[in-house]
Amino acid sequence: MQRIGVFVCWCGSNIAATVDVAAVSEALGHEPGVVFSTNYQYMCSEAGQNIIKNAIRDYQLTGIVVCSCSPRMHEATFRKTAASAGLNSYMVEIANIREQCSWIHKDKAQATEKAIILGRAAIAKVHLNAPLTAGESPVTKRALVIGGGIAGIQTALDIADAGFEVDIVEKQPTIGGKMTQIDKTFPTLDCAACILTPKMVDCAQNDKINIFAYSEVKEVKGFVGNFHVKINKKARYVDATKCTGCGECTEKCPMKKIPNEFNLGLDNRHAIYIPFAQAVPKVATIDPNACNMLKNGKCGLCAKVCSAGAIDYKQKDEIVEREYGAIVVATGYNPIKLDDYDEYAYSLSKDVVSSLEFERITNAAGPTGGTLLRPSDGKHPHTLVFVQCVGSRCSAEGKGKSYCSKICCMYTAKHAMLCREKYPDTEVYVFYIDVRSPGKNYDEFYRRAVEEYGVHYIKGQVGKVVPRSDGKLLVQGSDLLANEQVHIEADMVVLAAAIEPDKSARPLATMLTASMDTNDFFTEAHAKLRPVESPTAGIFLSGACQGPKDIPDTVAQAGAAASKVIGLLAKDKLTCNPCTAHSDEMMCNGCSSCEKVCPYGAISYVDKEFRMPNRTTAIRRVAVVNEAVCQGCGACTVACPSGAMDLKGFSNSQIMAEVDAICKM
Amino acid sequence: MSKYDREQILRTSGVNVLKCMRCGKCSATCPSYDEMEYHPHQFVYMVEKGEIEPLLQSKSLYKCLSCFACVERCPRGVEPAKLVEAVRLQVIRQQGMNHLKPDDIPALLDDDLPQQAIVTALRKYSK
Amino acid sequence: MQDVNQFKPKIVAFCCNWCSYAGADLAGTNRLQYPADVKIIRVPCSCRVNPMFILRAFQRGADGVILCGCHPGDCHYTTGNYYARRRMTLLFSMLDYLGIEKQRTRVEWVSAAEGAKFAATMNEFVAAVTQLGPNKRLEDLRCKN
Amino acid sequence: MNFSYYPGCTLKNKAQDLDRWARLSAEALGIHLEELETWQCCGGAYSMGKDEIASKLASVRALQAAKEKGQDLVTLCSACHNVLKQANDAMANDPDFSLRANNYMALDTPYKGETKVIHYLELLRDVVGFDNLKKAVKNPLKGKKIAAYYGCLLLRPGKVMQMDNPENPRIMEDFIRAIGAEPVLWANRNECCGGYAVLEDKAIAVKKSTAVMDNAADQQAEMLITACPLCLYNLTKNSASETRLPVKYFTELLAEALGVKE
């Protein structure tokens, strides 16, 4: 029999005004097993906690019930109180008589009666409580960063800086991500490559950082502190340890009409290629879909010209297995496909381009060497129309994205401004719904585009673009402020396409058991208070995989994710949640029902020898719960047909006792 | 009267005018824009505000081509064309308010005019 | 007639710790009233609720049982509420077969932000159960004190 | 294969060619179009009002008739297709309208949108297959640059019509390729020609058909094809474009390619 103490809190007048606290403590004092019952103004205050501590000592209490506010508020407080008085902290139960009683009822008699019943339910439960001890699991002191864009790079650098090992897995041949394709960055207009490439080099040179480029995560097993990951290093057909990145092979390769992904297909590359001059690692890669040697064994020119002997046509994909304590997702974004928005004639005219394509056209390392030229005829455009919100803020069925893509207002202002700065002979129009420029120096930047550079901002949308054979694009839009339909003969139209999470994100989320929203952005553990953690322990979020972000926000979040990882890796052991499932091996018949419903893969099976009648033994298959992995949801306890599986802290008998106490009146 | 009209129009059209985010794409895409005194986005906004009377009086009602361009391209699924039609129905359903009378038709015919043109005109402009 | 008016149902509400229990707390924080007949039992997840608990509640004289969990897709444990939904669909149709009216059982998704929904749901549910009167069907007379 | 067929009013009068060539071609392709016995005019424009019941019943009756025969319903005129398809969608997905329409119909079993309405072009694409059509072509229209004119009714509203991507369609272009000609891609192929306003305000009809014709001519098309008698009339009669391109029914070219045009 437990010796139970009951502590009824007044919460000032929050509880005491509608619940007769004295009557509650009096009534609960008569419950079986209760040896002490009292009430006090503020149980959570130091004086209140001392009442509890003294009672535990003086009455040798084995369990306590606090009738107070929600356990979400002060359960942790009272558990600590109990622990400091030598009582196991899981021998504490809270009866929520504030949020779920005094605050929602006006009638004092009714509220008091309900408070007593809630107290009784808690007493009934605590009778069946058993001391629980949180287990511990070790931490592998290495982090995995999935995605090598600016988010992944920054996270990796910060983690490495704290002295921990980091691996970056990047599916492209080089790290750098989208930022490598961008020309200038708002609002300061410094060149993206100038600020990014030093960081890429830092990654390559940091001995704590290991880059798996041209690689993908294939499998993730394990749990926080102990992840086992399989990484597929795709065959480059070039020995990365020998290749010097001289580029000789890429010039000699006869297959030179392959659309260049780095320039979004605006120009061509060879079958063997290095994406761009500052690539990290600077190693050539053979495109197996384009290479004649790999397709039909005819050519081999690159191997002939390579003085380092790095070409290896026989190279195979390689699986690397690594252990990690924490995983950071930094899979980034892509602009959406514009197929559903062909009223803008994207598929009809080469001169209708996406904003990212426009970045390449204005980039010094791009297909035009940085001179603004129309893709169709290479002529200098004089009239440019920018269309914002193409596919963003679109809630129409089956089309576009319902969210604001966040970065388009600012990069469009940047594009418009740069056009006018470099080519004063251009007329630049921007069709906008709203200009969203919250951010340091952002609105000022946009205003400069209008006031100093004379960009024409038109409030309204474009409804149709009609390409004409003389190269003009007839843009029909609405000017809502003038209440007019406007018609502009443009030379180029630039579409600010909505951005969406990378396609690799969803299968990755499944591997990580990390949750995603309906748009395939990773969900954070708490929208405000835990913005860089996934609800799955040990998984952290960095950059646009969690939601649209510009570079400053991405870098800030990357650093925040790194600091969370560092906090985790700094620990030698992790304390586990002790309220885990537990299987009674005498009752378990090894049917696998529990394993199938477990979202964490915490349940496995072992063959165990059992004593049987007449001194015989038998081997039976029984379930075993890995307490470090179990999160305590209880799905298995209900799935178990034999009743072997139970949940500590929320056992069948405890919940039944609560049911009984509530129904008995 | 106006409040009743507004509710009737919303019911007939099934359009939720509150979904509009005022991007103006309906009016940007409307082929009859120049002929309309009130443009598609104004229909949405004026119905939202309950300013129905000017719409009921307006010739714009008969300029809509029912081509569904605004319906197709509206990013919010507002369907302005349905609203225009509902306002027009509000007018022509009243006694003696038919916009096109059968007697007027013979004068408008030519030898090649397909039947389709006549039936649609009657369907759209008369009850 | 007066008896019916004075009938106070016994309602057991199972609330998952992450969404619905927090939603109930929010209802309290916002002082949204619902009848004192509702007593909440906290469970880690709606999938922790064993059909046994619900049968037990009816056996012990409960007049209605409601299970609240996170919205589909929002489960803290990813999929728990889907299990709960499937299990309860089966259980409730069995209870209906036994004569426990469908109105006495309910599954509702209440997020941590939906205090108002929680209160409204409880008000509605209590009204529906009150309308039906006491549950006699599954009550175990041996359990009567 | 047998299909129910709804020709519509115009195909019985001014657009008899559209109808005749379609039937001849279908037979040549092994498809038999069974005209519904007692069809009524669809009204030419779908009444968008949710409380418009009577004006949609003719369509519902046609749909019900096809359901009774257990056949898919083939349409040809763009307007009929649009009206029937939208009415069918409302019968399937607007319970309020469906209930009220069924009250008028007083059928033994209510009609709930079971009939599949397919346009003749969809018949060619999904039943015959453009590859098979290509094989069946006897007189390929080599070297002809043809602009497909979809107009407004065939594709929109996209979520109901579900024929093709309403902004970047290809069904008529694929058809043009199948009969051996070369499609011209042009932006105004899915812009309205203004035909509906021809009695109300001829200026609109002139202005819009001119814009359509100009764009097709500018893209070096030699001819336009359409499935809509009103578009054909309006583009031929009212366009003020300097270039007066011939406008033809797509079934005429089909019959020509299949060698069944008498």
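Order of writing sets the chain letters: A, B, C and D. Residues in each chain are counted from 1.
Rule of thumb we're sticking to: contacts are C-beta pairs under 8 Å (C-beta built on N, C-alpha and C of every residue); 3 or more make two chains touch, one makes a residue touch a chain.
Bear in mind that the values here come from a model prediction, so they are computed numbers and not experimental data.
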Requested in this report: Return the chain pair with more inter-chain C-beta contacts, choosing between B-D and A-D.
Outcome: B-D
Query raised in the report: Where the CA atoms of chain C average out and where those of chain D average out, how many Å apart are those spots?
Result: 55
Query raised in the report: At what distance in angstrom does the C-alpha mean of chain D lie from that of chain B?
Result: 24
Query raised in the report: With chain centres defined as C-alpha means, what is the inter-centre distance between chain A and chain D in Å?
Result: 48
Requested in this report: Spell out, as numbers or ranges, the residues of chain A touching 2 or more other chains.
Outcome: 343, 397, 464
Requested in this report: Can you tell me which residues of chain D touch two or more of the remaining chains?
Outcome: 167, 191
Query - Sequence positions of chain B contacting 2 or more other chains - result: 34, 69
Query raised in the report: Pairs of chains that touch, anyone?
Result: A-B, A-C, A-D, B-D
Query raised in the report: Which positions of chain B touch chain D when the two form their complex?
Result: 11-14, 31-32, 34-35, 62-63, 65-69, 71-72, 79, 81-82, 85-86, 89, 100, 105, 108, 110, 112-121, 123-125
Query raised in the report: Which part of chain B faces chain A closely enough to touch in the complex?
Result: 19, 21-30, 33-34, 39, 41-42, 69, 73-77
Report summary line: Per the touch rule, the chain A residues reaching chain C in their complex are 70-72, 96, 98-101, 103-107, 110-111, 113-114, 117-118, 121, 513, 515, 518, 535, 579, 597, 599, 631-635, 637-639, 647, 650, 652, 655-656, 658-660, 662-665
Report summary line: chain D contacts chain B in the complex at 8-10, 13-15, 41, 43-52, 55, 77, 79, 152-153, 155-158, 166-167, 191-192, 194-201, 203-204, 207-208, 228-230, 232-233, 236-237
Requested in this report: Would you pull the chain D residues touching chain A in the complex into a rising list?
Outcome: 159, 165, 167-168, 185-188, 191, 215, 218-220
